[in-house]
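Shared between the two complexes below is chain A, which has chain B as its partner in the first and chain C in the second.
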Partner chain A sequence: MKMEEFIKAVEGRLQHLKSYSTRKSQELYFELLLEYYQAINKAKQEGKPLALVGVFSPKEIFYAMDIVPLDASFHLTYVGFIGGCEVFKDYLEAAAGYGLPIETCSIHRILIGMVIKEAISPPDFIVGTSHACDGEIKAFETLTDLCQCPDYFLDHPYRADAEGVEYYKREMEGLIQFLEEKTSQKFDFNKLKEVVELSKQATDLYRQINEMRKAVPAPMGSGEFFGILLLYNILVGTPGLVKYFEILRNEIKEQLEKGPTLDRENFRVVFLYSFPFYAMEFFEWMEQEYGVVDVMELMSTFGYTEEEMEPSSPLDTLAKKSFYQPLVSPIVGSTDNFVITALRIARDYRADAAFFGTHIGCKEACATVRIVKDTLRRELGIPTYVIDHDPLVPSVTPPDVIKTKFEGFIEMLEDLKLEQEQ
Partner chain B sequence: MVVDELCMGTRYFWDLVDTTVSPLEGLARRYLSLLCARMRPSEKRFYRIMELVKEFNVDGIIFESIKFCDLYGHEKPLMKKKLEKEGIPVLDIDIEHGGEALGQIRTRIQAFIEMLEGQKS
Partner chain C sequence: MIVAGIDMGSLTTKVVILEGNNILAHHIHILISSKEGVIDAQKAIDGALRDAGLSFDLIQYIVSTGFDRKSVAFANKQRTEASCLAKGAHWLFPSARTVIDVGAETSTTLKLNEKGVVEDIQGNDKCAAGAGIFLDAMAELMQLSIEDFSRLSLNAKEKAKITNTCVVFAESEVISHIHKKPSVPKNDIIAGIHESIVERIIGLSARIGINKDVVLTGGVAKNIGFVKALEEKMGMKVSVPDEPQIVAALGAALIAQSYVSPRE
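Take a look at the complex of A and B:
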């Protein structure tokens, strides 16, 4: 799916929502998404540098330099979610033809396939990071080779201590120097402070929303929330994201006052790790058919810290955020971070069960399954439904298989509930 | 086989620890300079392989990677492309720990050797 086709699909989705949605935040979500992709598509025409960037890269630095960042991994997620994962077949074949083994992460294979098939606008430079994911370290080298453009790679430290923060700050200073050289413009730290102020506002609102989601019963269905992480990650540091979060926060507040939108909430579940993006209707189905509600996601969770962002020390605060921001906090460093975060959200959000979407191409997450499952059972007495799948390749675990196994799991959960009540 | 560049092969003995600096610094430098596929950029490893090719008069390379190792999985096509650009024939084989499919690997190596012989003659 070429960029122009994808933009048309986003436009179509927006028009649909304008006709049928009753919620302003839903419309605004797609308006912002459309603006983001239009900026990518027009970057060359408007003389703005286009950067292909890793999912964990500090977007604030690009926005402060008026560089257009195309988030490589989340682009695929959006394409799969909006355009359908069937479109990835050609890219997976192109990656196989290039020589990538099928055991490697499908996200990287599809991305490389998209570059081979010229479905992504040629970037002016590439910026990756080494957070948690070994595959990304190498996939970005391949992308650089295929795109024949300069690259910069941020080495993210393992430990979230003072030394780790200082180290990552230096890495970001290196990135700034690289961007100055490639764009021939001087970096403006005052501009970065402004962008980081917006990043702080969005981050504070995101935290508020996560707090509001602790309500029993849940304020809204889970389909409302999975997309927040994606938008936060691609637009953090922009005014549009702050506006979106304000509207969403107010809508949730209003909803909490009115009462839940769902008819029933039989079981509350926390979702750990990767969504099957090809089967998102599963969440609506489990809510409607069984009253099972996803109340929180591991990847939407902030690391446990009371620390607030400090825009007057922008690099310091971004270095700290690189450890506790959603998506990153459970998966950087020790496995303990993953386990402790899973335990914390299951407890705080009063979950009856956990769903663990593994993503079979991700060795880092798959390695934690057993320890997470055992810990949740031991510490909180709650069971875990493990969904082995590939988030972008439906043939690995078709949607019906997820549903059938889920039904078996729910029977067990109902029995467990009965036992506890007796 | 005249030389190897395997994780558990002679690579382990290259570039000994610098004893002129403190022991911990020497060890840190030694481990950080290992040319594993985990390290960036891959050019360093490519240049080392090219040095070995010249030093040991290598006619072809067998690139073996272990299934499910993302690092070598990603590096293989990149390295193969660079080596073939230098005129070095490369046979890539995937193996699994445990030595399965030895017959298949033997057949592929035989075909590769025939190709090398054809090139020489």
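Take a look at the complex of A and C:
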């Protein structure tokens, strides 16, 4: 799916939503997404550089230089969401033809396949990070080789201490120098402060929304919360994202006053790590068929800190955020971060169970499965359902198989509840 | 009160007809080409009724289970395999705390409490290497009936090393063992195959913990070579029902009983 085709698909989704959606935030979501992709598509025409960036990279630095960063991993996720994961078949074949074994993370294989098949325009430069994903470093180096373009890698430290923050700050200074060289533009720190102010506003709103989601029963159906994480990650530091979060926050607040949108809430479930993105209808299905509600996702969670962003010290605050921002906080550093975060959200969101999606190509979090499962059972007495899958390749675990297996788990929850009541 | 449980598996449909604590009949229908679950279910229940000398209208309640359980239009209720396996295994072996079910295309491990309620579940990933179809493929490759394949490994002197990750890889390994000079004895190759699937299933079960007593169900439980390999690897005895394939159908029938006469 070439970028132009994808943009048309986003336009189509937006038109469709406008005809039936009752929530402004849903429309705005796709308007912002469309703007983002149109900006990427027009970059070359407008003489702007096209930057292909890693999922953990500090997007604020790019926005401060008026560069729209194409987030490689989340681009694929959006293509899967909107275009359907079937479109990846050609890219996976292209990657196989390039010699990548199937044990390699499918996200990286698809990305490389997309570049080979020219579904992504060759970028002017590539920026990756070493946050938690070794695969990204190697895949990006392969991309650099394929695209014959310069690259910059931010080395992210293991420990979230003062030394780690200082180190990452220096890494970002190096990125700024790299961008200045590649764009022949002087970096404007005042502009960065403005962008970081917007990042702070969006971050504060996201935290508020996460707090509101603690309500019992849950304020609204949950399928869209994975999507919110994606939007935050690609647009953080833009005014559109702040507007989106304000509207969403107000909608949730209003919904909390009115009462829940779901008929029943039999079981509250936290979603840990990955999810099969080709089966997003799963959320509606589990809510409607069984009254099972996703109350929080590990990857949407901020690390446990009272730290607030400080736009007047933009690099310092971005370095600190690089440890506690959603998506990152549970998987950087020690396994303890993952376990403690899983335990914290299960407790704070009053979960009855956990769903742990283990992406078979990813070793980062999957190695923690047993520790997490045992800890949740021991500390909170809640069971964890583990499903091996590939988030973008349905043939590994088809949607029906996921549903069938999960139904067994739901029956188990029902039987345990019945036993407790007796 | 007569009830029935129907287990719509991927390769076979199993039916148990129950009255009180007596299994009046059980029937296993091999699916061949039908894509309509309801036809297979009807054939299977007709077979069981014939064996029991009963007519369909005497059955008061029917619970269906298995992957295709929703296709059984005449069932009063559907329950998943996990619940039914737990119910059936606990009824047969009240001391069971772990149920390992190895069917044609799936394997599942359940952790039960003392009341037979499921406390944890782990299913296999989508790979034949952890299920009965793997053994069928290997038996076919070695030109043996599954019965001979099952038995021969008991006479193995050593175990050939076979991968446990992929049927395709395993096939080429078996072929290379056969063509070695001197070739590896068949018994040793089969023992190696059994060990490879056992390792995979233990790896799966260990995710939720393996506690005594262990009950093995599903068609693969009829493979005595596999059972021996499993017991050796786990270092504990495994209980195998007389008819391990019908445990989920039995559990479904027991659940059907509870719907007709719920406990006060």
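Note that the second predicted complex is superposed on the first by the 422 of 422 C-alpha atoms of A that agree within 3 Å, B and C clash if a C-alpha of one lies under 4 Å from a C-alpha of the other, contacts with A are read in each partner's own complex, and residues count from 1 in each chain.
To be clear about the criterion, a residue touches a chain if its C-beta (ideal position, glycine included) is under 8 Å from a C-beta of that chain, and two chains touch if they have at least 3 such contacts.
Predicted, not measured: the structure shown is a model, and the values here were computed from it.
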{"item": "Which superposed partner A:Y385 touches (first chain B, second chain C, both, neither)", "value": "second"}
{"item": "Superposition-derived comparison: chain B or chain C, residues of chain A touched", "value": "C"}
{"item": "Chain B versus chain C as contact partner of A:V369, first or second or both or neither", "value": "second"}
{"item": "Chain B versus chain C as contact partner of A:T404, first or second or both or neither", "value": "second"}
{"item": "Which superposed partner A:K138 touches (first chain B, second chain C, both, neither)", "value": "first"}
{"item": "Partner chain in contact with A:G99 - chain B first, chain C second, else both or neither", "value": "first"}
{"item": "Contacts on chain A seen with chain B and repeated with chain C across the two complexes", "value": "none"}
{"item": "Of chain A, residues touching chain C in the complex", "value": "360, 369-370, 373, 377, 383, 385-388, 395-398, 401, 404-405, 407-409, 411-412, 415-416, 419"}
{"item": "Residues of chain B defined as touching chain A within the complex", "value": "37-38, 40-42, 65, 67-68, 70-71, 73-78, 80-81, 92, 94"}
{"item": "Touching residues on chain A, where the partner in the complex is chain B", "value": "98-101, 103-105, 108, 134-135, 137-139, 141-142, 145, 153, 363"}
{"item": "Chain A contact footprint on chain C (complex, rising order)", "value": "67, 79-83, 108, 113, 115, 117-123, 125-126, 207-208"}
